[in-house]
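Report on one structure; see the data block that follows.
Labels run A, B, C and D following the written order; every chain starts at residue 1.
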Amino acid sequence: MTFQDPRPAQASHRLLDAYRQIRAHSLSLAAPLSAEDQCIQSMPDASPTKWHLAHTTWFFEAVLLDHHVPAYEAFDRRLHYLFNSYYEALGPRHPRPHRGLLTRPSLDEVLAFRRHVDAAVEALLATADEQALARIAPVLTLGLNHEQQHQELLLTDILHAFSCNPMLPAYRTPAAPALRLAAAVPEMRWLAHGGGIAAIGHEGDAFAFDNEGPRHAVLLQPFAIADRLVTCGEFAQFIADGGYTQARWWLSDGWAAVQSQGWHHPAYWLAQDDPRLALSGHHGTAGWHVFGLDGVRPMQPDAPVAQLSFYEAAAYAEWAGARLPTEAEWEVAATTLEGFRQADGHVWQWTRSSYDPYPGFRPLPGVAAEYNGKFMVGQLVLRGGSVATPPGHGRPTYRNFFPPAARWQFSGLRLAKDV
Amino acid sequence: MTFQDPRPAQASHRLLDAYRQIRAHSLSLAAPLSAEDQCIQSMPDASPTKWHLAHTTWFFEAVLLDHHVPAYEAFDRRLHYLFNSYYEALGPRHPRPHRGLLTRPSLDEVLAFRRHVDAAVEALLATADEQALARIAPVLTLGLNHEQQHQELLLTDILHAFSCNPMLPAYRTPAAPALRLAAAVPEMRWLAHGGGIAAIGHEGDAFAFDNEGPRHAVLLQPFAIADRLVTCGEFAQFIADGGYTQARWWLSDGWAAVQSQGWHHPAYWLAQDDPRLALSGHHGTAGWHVFGLDGVRPMQPDAPVAQLSFYEAAAYAEWAGARLPTEAEWEVAATTLEGFRQADGHVWQWTRSSYDPYPGFRPLPGVAAEYNGKFMVGQLVLRGGSVATPPGHGRPTYRNFFPPAARWQFSGLRLAKDV
Amino acid sequence: MTFQDPRPAQASHRLLDAYRQIRAHSLSLAAPLSAEDQCIQSMPDASPTKWHLAHTTWFFEAVLLDHHVPAYEAFDRRLHYLFNSYYEALGPRHPRPHRGLLTRPSLDEVLAFRRHVDAAVEALLATADEQALARIAPVLTLGLNHEQQHQELLLTDILHAFSCNPMLPAYRTPAAPALRLAAAVPEMRWLAHGGGIAAIGHEGDAFAFDNEGPRHAVLLQPFAIADRLVTCGEFAQFIADGGYTQARWWLSDGWAAVQSQGWHHPAYWLAQDDPRLALSGHHGTAGWHVFGLDGVRPMQPDAPVAQLSFYEAAAYAEWAGARLPTEAEWEVAATTLEGFRQADGHVWQWTRSSYDPYPGFRPLPGVAAEYNGKFMVGQLVLRGGSVATPPGHGRPTYRNFFPPAARWQFSGLRLAKDV
Amino acid sequence: MTFQDPRPAQASHRLLDAYRQIRAHSLSLAAPLSAEDQCIQSMPDASPTKWHLAHTTWFFEAVLLDHHVPAYEAFDRRLHYLFNSYYEALGPRHPRPHRGLLTRPSLDEVLAFRRHVDAAVEALLATADEQALARIAPVLTLGLNHEQQHQELLLTDILHAFSCNPMLPAYRTPAAPALRLAAAVPEMRWLAHGGGIAAIGHEGDAFAFDNEGPRHAVLLQPFAIADRLVTCGEFAQFIADGGYTQARWWLSDGWAAVQSQGWHHPAYWLAQDDPRLALSGHHGTAGWHVFGLDGVRPMQPDAPVAQLSFYEAAAYAEWAGARLPTEAEWEVAATTLEGFRQADGHVWQWTRSSYDPYPGFRPLPGVAAEYNGKFMVGQLVLRGGSVATPPGHGRPTYRNFFPPAARWQFSGLRLAKDV
């Protein structure tokens, strides 16, 4: 999504189109959900749908409108306290674990908040001259990318919320098979790379997050990387081989998680004797089932395995006699190796790279400085993009990141190895 | 509420009337609340409104209809897993802390569940002969008293949920002043009792919970008891005198709670510098404010202090040079001493009595055995009744009970002393 | 132990004798333990042996010497911060859970502290005239009874500490069989009491704790009480009958403890497959083993069951078709019923009475006010005395108390029932 | 320390010398400590001195003697359960948080265990032929380096234990000023590096841990690095400037730690009003004090700041307008830049590098595979070496690692910046 257009009117139109399209997409994601569904929070790391709808709107109000529209009248200043996420520079805020307790403002009020802000943004764009547009465009673009990130979180979070309901309701009625390859999965092939100096990271005028830059040279050892993702069928073999019962495959912290949390399989898999199978109407069926946006369905052996923690991904790779790729390997392979399949659109792919700053990394100025850099410790990088990533949001340089124990994302893995 | 009527048709009519009235009252309590409001759970000890509506209905289905209606068809058997509270004998159940995650079944479905059960109960009553009625009446009566208990919990729980919203919304629009005496509070007077043998506890055919019996003799020392409840104005003096900063007034566990939880005043009081005053539209007003069903209001000096833990009640009594009454003293005074005011309708009154079984106590037979006796450890008895207690539900022999740190009930105190 | 002697010189001698005997007994209890053993703390509720030795000494320094010896020079004022237990009125103190981190002062220094205080106390007694003695005697007597309480805690706490060592070392080399009846246990007999008005509680000049008074009349229903304690062999039947796997026998909080803590048998029992049997040199032996002061030994069917929580005691009683006695029943039976065996010297006996104040209870004046009354909530009364209670310390009016989940005391049960 | 000597007899002698010297050093570190001191554990992440002495000995028995001495008789097999640290392949083990509860075996027994193993190792070396030596040397060398690591941990852990004693005892009597530069600290100078390809990591026959290799090329951007460590005086300015009260300097997790843990200054600093100053005999002195191996001493402005978490180091760097070096920058600078001072012997230096595997990393075979690789997630790399690191133990390629919140190591920082 590039908005740096040489022709102002065009730029303004393109921004407006993007704004409308992206804002409408959030609402369409919420459409299958009742007001009750949209209100709850299933764990401190997840947020209610309503909160996502309001928080992304707050971002436009607090970061764009309050600074670029003279005498802008906020919808309700109290919402700034409620819907700030973590921006210390933007004042105190409602504690994260209590987001699910905000039955007020109601969903209707949040939707009115959205309309109020949408009208103001559209009016701003309609009247902005070239100079104003140059000031506005980066903030607006950041706000839209921010909203797209929350669109994915909205889906991951509501899926987690539904996973806590023993009836395991479906987010949507099953239509086209999701998270599945169009055809049968071919045998996995190794794609070789000879190593050497390569460049990774974002550069140019198109939008990217600050953590994707600066583009810089890296030195790679020769390596090979799988042409496709690890499948559920393959992961089931790891389980059948005692993968969750043997310390040898696991990092120390991973093994501690396996034991203290009682992990026996991926978070959203249901074993044959799971009582929730009956509650969700699947009793009597043999084999693994998997819970997803379409509800509970028999495990698809050729679908990429998903909702995996880094610990599980790394243990699988160890068991498979391979390893996870580094993020540099992933990016170089994804952008230069022919035959690299399933780069995005399925699951985010855990890498063996901690989320550290790139050489020369500088946070964005102003409020946005808190956007990415503040989180660069204790997390691992994921690359690619998932079925829940909004179309047009991703890039090969995109650096997603989560703590190693996170199991509620659309996250899987692709193998790599030294050669 | 006595249902043991010698004339069967009359008895059936009275039961039906009571059933309709009480079931309707639950709905009227939920009426001011949105589906979102009714869905959330603000802490493990509280439950969502929707859960209360469903659980009380499950009780009739599981304890009455399943046993007394041949070939009864349950609305949806899965609800038994979701809406059992703690009855071990009635099968496994959804974990209590996750009640707030049940967006499905929706509120509409729960209301349909209620209608389904109501129709079946009414049909049962319409066709029951004398013998059947004799079997049904005790179970139905227990179910109705159970629902009345949950009506009070519904109010206490939604009030707690709203107390977690920094905008502190009001449950109802303020009308008649609640929790207030009709006239100015007179000076507190001591009512004296000479002690001796007295009888407490329930006996007779009218409904009472098993923990209220058997009626038995107790031996009292001479004592005096206050004719009215401790007021907010009086409690404010305790605070002003450093009540929350001096260990000497507190039981050891109470002082530990003061320090570890940071108690400075009753849970629903707001000090002058509380930021939530602004968020709820009360900035600029001096003095204490109190949050309640009517929202935030200036503290009423003559209103009974409420939402007090046992620890706070006991500390206040110590500071005031008095003590809390035992439950036997309370019951004897309430039933025999002239001038005993505010026995009920305002706040439950903490006693100095642990919730132990009465001599000769026997739990109800069957499922109801788990109703009261199972909880007879670690709790304190409260007597009286509150503004949230449904009319007709209480009795002077009624034994309410909560752990000593509970601060979200309509609970206050009345002083007593040795003479 | 009565110290109110009409003849001052005699009184002084008797006090001195008692002081020397009791102080020496503490040291003899610590004698089998190394400096390392005496230093550790196995849980926040337990204290190191060294701490007990120092704290009881601090009590004499802070409560007696500082107030009754002009220009008394403390051994080291810093110890007051370290060895105060919970007396708010006596200043700030080292946090309880960190008592096991005090390697300094060393055991040698603590023993020197004891000698310093002993010398000062003895000098005080030697020079006190009649008036002084009258002032000193109550404080000194309290200090000695306080030290005796800590003698029992010393044993229970070191036993708990050793229970955390997988080699399960013995506190003492086995000599005479402990916790065992002299002869075979006779069949349990029920002793009947006709009820009516009786008096319980302490009165008179002899020493007693404030919580034992005032003596007062109680009204008892007719009851029967077992003539002896429940034995290990009887408790093993409860286990064999699935006692720890069926909710029906347990109070609600008790059942929650069984499940969350994984209770399968009394805390110090070892099942046949316990890996610690091998580490402690008992592999290959069949049946239950029990850990105690003599180390691991085969379970003695006729020994009283010990280290039982209230929850387990109450569950056993329910299973046995009986109940626990109230503390009034226990005291009246122990003092009036012929054939009442094992009143003390074996295990403390859980009663069904919460630890509430007696009618007219007044705490001791001054510092000692914090001694008992502050803990009168959330605990249950135990009566009798145990093998770890120092000789001469107990009385039939003695009220011991612990929270219902406590499992590291010498605590068991005796059955009672309504008649 | 290189043990791969071409001449077997020489190699054997050198190994024996190293063994004796290193084993003796452990005992000399424990010498100032009483048996009580050596027994306690102040937090789950720290271990008792006695445990360190036993665990390092167990390592030789379990990894060397059991495999290389036919018919070796262990001192006491039960110690394998007690003193295994985390080697899953070597069987079950005593839970880490309970290491401080092992008063038995006594210190004397642990010292006897050491002598037993020492005798067996010396006998093995005395009789080993060339072939045997070739098999033994790597294991023995690993064992010695392992023991050296625990020598540093022994000091850090006992320092933490003493920091929990409000009297803040000194580990040693103050002698030569520790942690201090020989002369006044010069102004910090920036050392520039032009970037480009460089090699880092260990190679060659000398001993190194598996995580230091393989040696590999890295591509550096131009950078500058400080010639010396950040001092206490400099860090005090950060504090005085409100460093601990402003979110802007901190990583998000770091700020959360500051707030939830109440950090106001480095862990072992004492503010002027700290009550422990009086307890440790320092009342009345103005300014900061710092607790260390010499006890409490006035803060030395020119001493390197120590016991810093990564969060604090990173916040300081941000405040100073700089950043932490990467580990590659550190290693290249330390080995190639003239004027690079304080590389080791003072404090470990936090880098901005997560502890990820080097390209081509392979764990050691066998049991030692669990040594390093298992921990490569969630930690940060520290470089250099500290005053507590045994002489001869370190190397410029050495990769130390700790979680970002760890505050009990001899850890500080050196600044870097982009150029």
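Here is the rule we use: contacts are C-beta pairs under 8 Å (C-beta built on N, C-alpha and C of every residue); 3 or more make two chains touch, one makes a residue touch a chain.
Labels paired with UniProt names: A, B, C, D = Sulfatase maturase.
Small disclaimer: the values here were computed from a predicted structure and weren't measured.
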Per Cα centroids, the chain farthest from subunit B: D
Euclidean distance of C-alpha centroids - subunit C vs subunit D, Å: 45
Gap in Å, rounded to a whole number, between the CA centres of subunit D and subunit A: 38
Gap in Å, rounded to a whole number, between the CA centres of subunit C and subunit A: 58
Pairwise touch network: line, ring, star, complete, or other: ring
In contact (per the touch rule at the top): chain pairs: A-B, A-D, B-C, C-D
Contact set on subunit C toward subunit D in their complex: 34-40, 42, 78, 81-82, 92, 94, 98, 100-104, 106-107, 161, 164-167, 169, 275, 279
In the complex, subunit A residues that touch subunit D: 86, 88-89, 197, 216-221, 247-248, 250-255, 310-311, 314, 326, 352-357, 359-360, 370, 374-378, 380, 404, 418
